[in-house]
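Okay, handing you the structure first.
A, B, C and D label the chains in the order they appear, each numbered from 1.
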Amino acid sequence: MILGPRFTDDLADLPTSKFGPSSLTWWGIIGYMVIEGVGFALAFAVYFFLMGHEQGWPPEGRLPPDLLAGTIFTIVILLSEIPNTMIKKAARAGDVPTIRLLMPVMVAVGVALLVIRGFEFNSLNCLWSDNAYASIIWTLLVLHAAHLGTDWADTVVLWALMATPLGYEPRRLVDTDENSLYWRYVWLLWIPIYLMIYWVPRL
Amino acid sequence: MTDVRADTFDAMPTRESERERVEAENRRLAEERKRIARDGPKLKGAKLAARLDAAWNRPPGIIGWLATVDHKEIGRRYILTALGFLVLGGIMALIMRLQLAKPDNGMIGAERYNQLFSMHGSTMMFLFAVPVMEGVAVYMIPLMLGTRSTAFPRLNAFSYFMYLFGGLMLWIAFVLNMAPDVGWFEYTPLSGPQYSPGKHTDIWAQMVTYTEVAALAAAVVLVCTILKARAPGMTLARMPLFAWAMLVVGIMIIFAMPAVALVTTVLLIPDRLVGTQFFNAAEGGDALLFQHMFWFFGHPEVYIIFLPATGFVSVIVETFCRRPVFAHPVVVLALISTGILSFGLWVHHMFATGLPRVGYSFFTAASMSVSIPTGLQIFCWLATMWDGKPRFQVPMLYVVGFIVTFVIGGLTGVILASVPLDLQLHDTYFVVAHFHYVLIGGAVFPLLGIFTYWYPKITGRMMSETLGKIGFWLVFLGFHTTFLPMHWSGMLGMPRRVYTYPAGLGLELPNLISTIGSFVLAFGVVLFVVNGVLSLYRGVIAGPNPWGAASLEWATSSPPPVYNFEHIPIVESSTPLWDLDGELPVATGLRVDQKEMLLTTVVAAAPDLREPVPQASLWPFIAACAVGLVFAASIFSAWAVPFGLIPCGIALIAWFWPKDMQRKPEPEIS
Amino acid sequence: MSSRFRVRLALFGAGALTLGACDREEHHSRAKPVGETVPGGESPDTIFPGTSSAPPLDARAKLYDNNANAIAMGQTLYTQMNCVGCHSHGGGGMGPPLMDDEWRYGGRIDQIATTIAEGRPNGMPAWRGKLTEHQIWDLAAYVRSLSGLPSKDAVSSRTESMSTGTPQTLTPHGDIKNSDTAQQ
Amino acid sequence: MSGRRYARAALLPLLLGACSYQHYQSDFGAAATEDRQFLTLFWIFMAVCGVMYALVIAFLIAGLAHRRTEAEANVVETGRHHRSHPLMRTTLIGWTALIGVGLAALAIASFFADRSMAEAATNEKLSITLTGNQWWWDIVYNSNDASKTMRTANELHLPVGVPTRILLNSADVIHSLWIPSLGGKQDLIPGRQNDITFVPQKIGIFRGQCAEFCGTQHAHMALVVVVQSYPDFIKWWDHQLQPAVAPRTPLQLAGYQYVTNGPCSACHNIGGTPASGTVAPDLTHLASRKSLAASTMPMSEGNLYGWVEDPQSLKPGVKMPTIGLEPDKLHAVVAYLETLK
């Protein structure tokens, strides 16, 4: 026998979207950020584990990566936080036109970063198959490029979506807010990788 | 928290004409919102059920079968697929036992035997143990929490297909004689490019990647469901212990599984495919790096399998002793501390690798200390039994069998945590005995118990009690006959993973006993399966709550309707169905024309949001196919990755892209 | 209704994988004679510069060529028998380089096997009698892989030793040029 | 009376299993200090764990068996299911303390056992280098005097009472040296050097085996361990330093010529002959060993015939190829190999 209901509460007036930890997707994104974060943290552990095994870092007779491309990349990705914050604020304020204006900027920044990343691979002064040092710095760079590329594709799709009438849906604003959050994660993760690829070998 | 309901759009700074248009639209949508049908005192019973059915049912036919996002359907598939793999893995085990029945046996050659034990281990760990726990959770957690769906149901569907494809790839490879043959652990350099030519090792590594992607997705789904979708009033303190166990397990998966995905996909496969040097000692790599990474995942993995089982035990003990489990907070703390400690133990798999001895002492202490929370949980169950009046039905028998068996496995675990003892016992049949006591005694016994327990909820009929009891005794006695002698053969000098052993070492008798026992055990499992199939047709009709249990899954019909609950139940204690006076308090107001669920706050479970639930969609399946194809193809060429990502990207975009570009009064996910 | 679909799906998957499996993973623990037992002798021994009338390929070729286990075994023998001493890691030294696509005595696996078994003028010793036929064919399979001739999924990317340049799995696919400049 | 006899009859096979062999390869061998320490510690652990297990089972039986009144049973109906026995909380604390104390005792015992083993490893008197190969053991007896350094394979001789340190390397994949009757195991890892120390205490013949899965023939990678008196050991060492004996009969000579110039010589070394391969076991004193092919089979004429003729059928996958010797060559080869005492 199924128990009969006793009606005690009506939820028809509950909202259907909120920013931050109330949102289900926010938790999903945090979940995937943790997964990626653990992946990167372990990759960092591999880096230092291998470094502990070598006499020199980079190993004897090899040059550390050239600084130029990586440093330009770092500056650009840090500067990209300015339009990113503006978009995040606009999303929270429900300012769709500003979002529509700034999304292409973020997309363009992403393209620029991906191009610079190509030059970065060229400035590592080694091939991944040379030795374990080369393998791990290539891997770190590839992993981050994948991270960057994924979020860039995400941004492109969101840009397209915000340009449609659906841009006014409150849930799309939550998406925008969360995409900006994710972008912060992308550049935050880059900082240790930048140091590990370009500066630790110069210590 | 900023509330962005449609009416706040008045404040938006937009261009004049645009602004007027949007405002007009908002007003129209607000009008439409008032006309949406919702459940409540005026819409209940059969009329409500018909409306909800129309909104929640998936399309019929093959397309609908592939497109479903119903957690019950997906959970059922997960469970059945995992059981299929259990049977396959079990057959492997029986063949191995036959080969080992007598010394110098020539029944199976070395190569085939090596494939068998690799397949047995990989299948049981990656394709049975973890997925079956996730499957049970995916089915039951939303029902226990009193909600209509899991979070991210499409991700859930995707997760199942990834898991299925991973399993298929491994087993098709086995049929094609391309099975992995260097163990479920695949230590480098044996699994490296030089000593494992061909593709069988890559197949193992990619199978792991599939199942990890699936497990991670399922973990995110479960954690988000448990944190955000509980019935109003079900605070964390009132949450059922199985949900607690799955919350801890979900978080553990999130922290542990990236390690194995990284070590196989990012380190081992590139070593084999494009010649990176991670594990090559001659070029600055290190073979032990693989072991560190593998066991950083591998040890928590054991607890990822074991903790859901403790959740099962708590559920069964509560129902069959008619008491909430003694010291609920202690059990929760035990679960959490087991989860944390399990990340600090991995080196005890590597005591023989010659790492610094000082470090070993730490890992000995950590490994031993994990028995404290486990010991506490066991005490709490025993105390509950003492307090209550246990009913000896099949699920409870499995719990008793669990305690008798698992505690032995736990104690041999303490023995193995000691460095001087482990150096003798490591990689011998003593260890084989130990972890089968832990995994079969600790996880499979409760699993069989919980199957019997939840069978009426899933199918609407009871399993046969008589067959169940016979099955239990066969499984229990068969298990001990198989694995108790293995302690002995290990002490007598039998290493693991040998396809044969010489006569004259005293190994003949224990091995023969083990082989006999394994067939008794297998017969018991077959009887369990037969019972499951027969009871589908002949079982007694169960009714909603045949065991007189206290948690919410028993508040709906058996089997549950596709929308789980007509109204969302409200929870006022940790044993809601025992603390009622005849009626179930419910919350209403969810729409009935579209799929919708309720989100509550993380700790207090106060109503927070109404969340649209995605409709059935083929895209998760298509995305799983695309991703699966990339994984399979990348075994053969690195170029598969950049090119394969294009269809993956298209599938994922199509998955999320709204199919209806009109604004709706309330959000819908089409 | 759905079961037929499932069967079809499984068949498709199996088909796709079979294509990849082929003979690559086949493991031969001893030579399986096809036709004659001893390699070489008269027939494939002839040097045919450039050219016209190559004898038909030895039937054993398909057991070894593109076979991952044979190539790996050959790789081990290559080091153990000190082929490195003259040929280096394919780059050549005292002996001719093996990585390029120039073959003085033919680049087919049976021709290479003959070269190894019988030896060649200017220093290449005859290995017949020192190595078994099976081992000679393994070696031939590996030597062929040095210039990227077999399919990429049958070769190993690297060994557990010092790196010797581009991973073998990535070496460009070579073609066979039969050089007619066999030095006297 | 008869019940007890039945019980004894049931125990008999177990006892037979335990006693009918010589602890040739067994943790119970107690043939070295290390294994004796292991056994002491093992029984301490077993005792503590046994007590803990008995407590759990006693509590389980008591919990299941003790009688309840009707009111105690129908707690849900009377709404008293949230209450528990007042003593339980105290017992819980007691139980936790008990586990803690037990574990601490075991951890301390384990720590001290580990310490004393580590100390024993510091005063080595003999050093041996063992290199793992797929699937055999290369053994070098080290000496400061280079002319005394001696290479053999698959058979380890140890002097009783002498602390012996074995340095462990690998030529290919990871292996693990495990001689249960002497004590513990240690992995042989490419690119790393490990070591293990034994102080043998019992004269006799034991068997060790590879304990880390190392590929196809992992099951047949064993070695014979001979613990002998110091004089015997020195005698053995001196003998092993001798070059191989010269062939005496025409048949042996034919075998000698084939072995030292033919395919065998590409891989095997025979001291004092042109055969100087380094990738397979040293054969200089092959016939003096007790087993063949890394203890796959005992040393005998028949097994030598079988092994030389077709190793791939006796140990499938082994690196030694099946040559397909003609009968006359086979006779000659075996006749020569048998002289290599």
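What we mean here is this: a contact is a pair of C-beta atoms (placed from the backbone, for glycine too) under 8 Å apart; a residue touches a chain by one contact, two chains touch by 3 or more.
The structure displayed is predicted, hence computed values, not measured ones.
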Of A-B and A-C, the pair with more C-beta contacts is A-B
Starting from the mean Cα coordinates of subunit A and subunit B, work out the distance between those two points in Å. 29
Chain centre separation (subunit A, subunit C; CA means) in Å: 46
For the pair subunit B and subunit C, the C-alpha centroid-to-centroid distance in angstrom is 46
Taking the mean of the C-alpha atoms as each chain's centre, how many Å separate subunit C from subunit D? 39
Counting only residues that touch at least 2 other chains, which ones in subunit B make the list? 111, 189, 195, 274-275, 277, 280-283, 286
At which residue positions does subunit A touch at least two other chains? 129-131
Can you pull out the residues of subunit C that are in contact with at least two other chains? 27, 76, 157-158, 160, 163, 166-167
Chain pairs that touch, all of them, please. A-B, A-C, B-C, B-D, C-D
Any idea which subunit C residues touch subunit B in the complex? 1-2, 5, 10, 13-14, 16-18, 20-21, 24-27, 68-69, 71-72, 75-76, 152-154, 156-163, 166-170
Flag every residue of subunit D that touches subunit C in the complex, lowest number first. 172, 190, 261-263, 265-267, 279, 310, 312, 316-317, 319, 321-324
Subunit D-touching residues of subunit B, taken from the complex the two chains share: 109-111, 114, 181-183, 187, 189-190, 195, 281-282, 286-288, 322-324, 326-327, 330, 352-354, 357, 360-361, 364-365, 368-369, 371-372, 375-376, 378-380, 382-390, 400, 403-404, 407-408, 411-412, 414-415, 417-421, 423-428, 488, 491-493, 495-501, 504-506, 508-510, 548, 550, 573, 575, 578-579
Which stretch or stretches of subunit C touch subunit A in the complex? 157-158, 163, 166-167
As the complex stands, subunit D meets subunit B at residues 13-14, 16-18, 20-21, 24-28, 35, 37-38, 41-42, 45-46, 49, 52-53, 56-57, 59-60, 62-64, 66, 68, 72-73, 75-76, 79, 81-82, 84-85, 88-89, 91-92, 95-96, 99-100, 103, 106-107, 109-111, 113-114, 117-118, 134, 168, 172-174, 176, 178, 180-181, 183-187, 189-192, 194-195, 207, 209-220, 316-317
